[in-house]
Amino acid sequence: MPFIMDAWYVAAWPREVSGETPLARTICGEPMVLFRDEAGDAVALEDRCCHREMPLSKGWMEQGTVRCGYHGLRFDGTGKCVEIPGQPNIPPRARVRSYPVVEQHGWIWVWPGVAERADPADIPEMFAPNDHPDWSSSGGTTYVRCNYLLISDNLLDLTHENYIHRTSLGNQAVVEHPITVEGGDDWVKVQRLIPDHEPAPFWKAALMNAKGAADDVRCDRWQVIHYRPPANLALEVGVAPAGTGGLDGDRSQGVEGRNLNVITPETEKTCWYFWALARNFSREPEMDQPFADRVAQIFEEDRAAVEAVQVVMDRNPGRPVIDINADGGHIRARRIVDRLVAAQDRTAQAAE
Amino acid sequence: MPFIMDAWYVAAWPREVSGETPLARTICGEPMVLFRDEAGDAVALEDRCCHREMPLSKGWMEQGTVRCGYHGLRFDGTGKCVEIPGQPNIPPRARVRSYPVVEQHGWIWVWPGVAERADPADIPEMFAPNDHPDWSSSGGTTYVRCNYLLISDNLLDLTHENYIHRTSLGNQAVVEHPITVEGGDDWVKVQRLIPDHEPAPFWKAALMNAKGAADDVRCDRWQVIHYRPPANLALEVGVAPAGTGGLDGDRSQGVEGRNLNVITPETEKTCWYFWALARNFSREPEMDQPFADRVAQIFEEDRAAVEAVQVVMDRNPGRPVIDINADGGHIRARRIVDRLVAAQDRTAQAAE
Amino acid sequence: MPFIMDAWYVAAWPREVSGETPLARTICGEPMVLFRDEAGDAVALEDRCCHREMPLSKGWMEQGTVRCGYHGLRFDGTGKCVEIPGQPNIPPRARVRSYPVVEQHGWIWVWPGVAERADPADIPEMFAPNDHPDWSSSGGTTYVRCNYLLISDNLLDLTHENYIHRTSLGNQAVVEHPITVEGGDDWVKVQRLIPDHEPAPFWKAALMNAKGAADDVRCDRWQVIHYRPPANLALEVGVAPAGTGGLDGDRSQGVEGRNLNVITPETEKTCWYFWALARNFSREPEMDQPFADRVAQIFEEDRAAVEAVQVVMDRNPGRPVIDINADGGHIRARRIVDRLVAAQDRTAQAAE
């Protein structure tokens, strides 16, 4: 399946893109070099010198420009060649493609498609907690050898917690309580509410520390998954003492997390999975790393699973599968992606 | 060349298939998961959950059933789904393919083809010494990156002993004595008789220990190779004091081994080579491992050779070769395989 | 692009080809085994036994012949089978292809094309300093994962010194002085003359040691690149005290090196890069290794660069690039190669 080119994807964490060392990253099959120009703004160019095809990311930075490491051509952040060693004139076609870049919600986003159609307002607002004073957030990147949509599927069905994560998150309640699925042209919402139960150790500790709950506290728990295409997923998760209104919208007595996920295709069968956990409890900065480490460990279990699935799918692409009740969310999400890809194909054909 | 699907292949040693951990193994291009059901019988299913294509071998056993490690579907030894988490009903098409399995002659055999045509009586009786009170047997498995028939070719022409194994078995007598070749529709027999010679160290020691032979004993030696398609080979090998009838059928004064070999294709260019050495001498159990180690070491030399040949063949498939006198056995065996493959193709076409 | 088959290529250093161990090397896609016959002459055969396709290089030498390590067939240096174990007669078609071989200028050259067209006089005389009493020479081999012509391109444009080798050879003067390019049907000459400048440390030391120059000596420097197809390059490099005639042909007051390079294709995307540095200064034998080590280190930087370029080219073969002034030399060389390949194709078609 082709990539959805006209979309924002997370390309990197801000700390990865510097004015000193160019960063190579391939997004939707497009090899890019990311760096910061003299103003400190992140930029993305095609990672190929237009002279003899050397990756610019193998070169080095000079005052906000990147110097090719082979014959020394130098390019600014717009992709324009600003120096050719040994000759005074620079032909106008000496330039490389540049991509729209925006730094927002604690991530650097690139738009691999048609630049004119890139609107920063389309970056999903639901990721704001990654970089917002009301929240503490920490995260990481997991490189996964599968099609990026397999991770989107995975996040839209949390029954897998009880199996993939049986030794870490194992959770029979998640299996026993049904989900509700809603959706529109460009969104899916999957909700599971688990009233009045003995909380899992992770949540009990959070509630005791942050809200002074008693050791025998019983809880209401919610999992609300928000999906936006291509593969943007924000999970609202949290607990409140049973009967205090947490399931009806008043979460003031509870503790909350936002599991923020963007899966960025590298190639058709590899992707960069950017994730963060924002929390409104245990907000001490020294807790950032432990929370990120914990999530990273759990996502390793998902990585192993979806990579194993990819291997099986490759043996016989398109072979039918059976669906079960828990699949409602990701089936809707897949339909949105299919529709966007089809629309993109029609646009491309019309343009020919 | 296609695999011969309607045939029994060794899939594993009995000790490899347990009721606790599922075993993944690909036979004739078919990925299988092997385990034992509640009765302790070995079973083989397709190694792919019918829900989201997770390999079942990545899951775990629960009372003779295998639980998928992704969303928790559970399958019994017949491939039937017996549980779908989060929903009471199980649609009838929630099942995976199962393969006929038989445990016999110390090996677990599977039939990758049409189940209705599987008859355990077709498992070659010549492998009985692998699991028979008259014999002591020990063996192992060698994974080889070549087409399985290259190993069958190798075993049908023992002149290679003097070259591949020149430092381990090097044996000019094997080269100097001619072979006789016989065969029928589904068998080949290659025989070499070496009368009245000074025995190789291995056989001299065996004869002295087991039969009290003198240090200067002279021997008659036999090598009789029995082939059954696709790649089943039992080699009768042994020596007796010269003139005591060993070459005429009375081996009572001699010592005997049976080199038992089944080569099971994994893919077109990789295979599992299952082998054992049964012996009627030095039958102390503590000798099992030394004999197996010795054979494993020698088969490493064969592995290196046939893998090198595969690389050359891949460069130019189907390029002609010249034949020599020693090739009589494997040329006959190849003809049997060609005929079986052609017959299978005709059956498949007729069924279309 | 096809290889130019009717050409001499360096296959090995003389020390690599012995009468004791056969050497495997693939030249222009042709797997060869090199060894020395009873007379001590280097020979090259196809590295594939004509019986069962075992590489002959996995066998061993016996009195100037090579014995196949599988079933023991033995071949002499002309490719004729001289022994088949277990049978007296040797059919005439039991032979393998042999290739013309010449040992000259300190290298072993093979001709992968039509043997009748091989003329040792075509080996470029410009490599004589590799094995000549007036020079001391030392060198090595670098295995590179790129098309061999990328290395030829690289050597024909030395402006790269200032970028690829910025930490080792970095040299602004090379960029600032223009080149002159000349060429004919089968040759290219690229010349850069750098008058009256402060010499680089390497050359200053050479001039002081060999000619007693003063510490503040100023220099004239020359770089003259001689190219012959397919990928033979001899670089005349050196310095002389400024104004002593070095740029006009009288190099008697200076020091000189000859950087000798033959790039031999292995496959379309891998090659053997044979190189040597001949020098007429610091001729103590104990300096051979240090000079070779220094060149090897620098060529590692080139290797990394051209391998990176190959990866980019593979993504989109034939995609246009822009040329700059410094490209004059290798553009001419590429045209010669294109013409030779086209002529070869016409010959092949005419022969059909």
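We call the chains A, B and C, going by the order they appear; numbering starts again at 1 in every chain.
Convention: contacts are C-beta pairs under 8 Å (C-beta built on N, C-alpha and C of every residue); 3 or more make two chains touch, one makes a residue touch a chain.
These numbers were taken from a predicted model, which means no experiment stands behind them.
Student: Using just the Cα atoms, superpose subunit A onto subunit C and tell me the rotation angle to the nearest 5°.
Tutor: In degrees, rounded to 5: 120.
Student: Shared interface numbers for subunit A and subunit B above half of all numbers used, same, or below, different?
Tutor: Looking at both copies, the contact residues mostly diverge.
Student: Can you work out the whole-Å distance between the CA centroids of subunit A and subunit B?
Tutor: Here subunit A and subunit B have centroids separated by 49 Å.
Student: Could you tell me which residues belong to subunit C and also touch two or more other chains?
Tutor: Expected reply: no residues.
Student: Could you list, by residue number, the parts of subunit A that touch subunit B in their complex?
Tutor: Subunit A reaches subunit B through residues 153, 157, 159-160, 162-164, 175-176, 178, 304-305, 308-309, 311-313, 315, 319, 321-326.
Student: If we count contacts the way the header does, which residues on subunit A are in touch with subunit C in the complex?
Tutor: 31, 47-48, 50-55, 58-59, 67-73, 84-87, 91, 93-94
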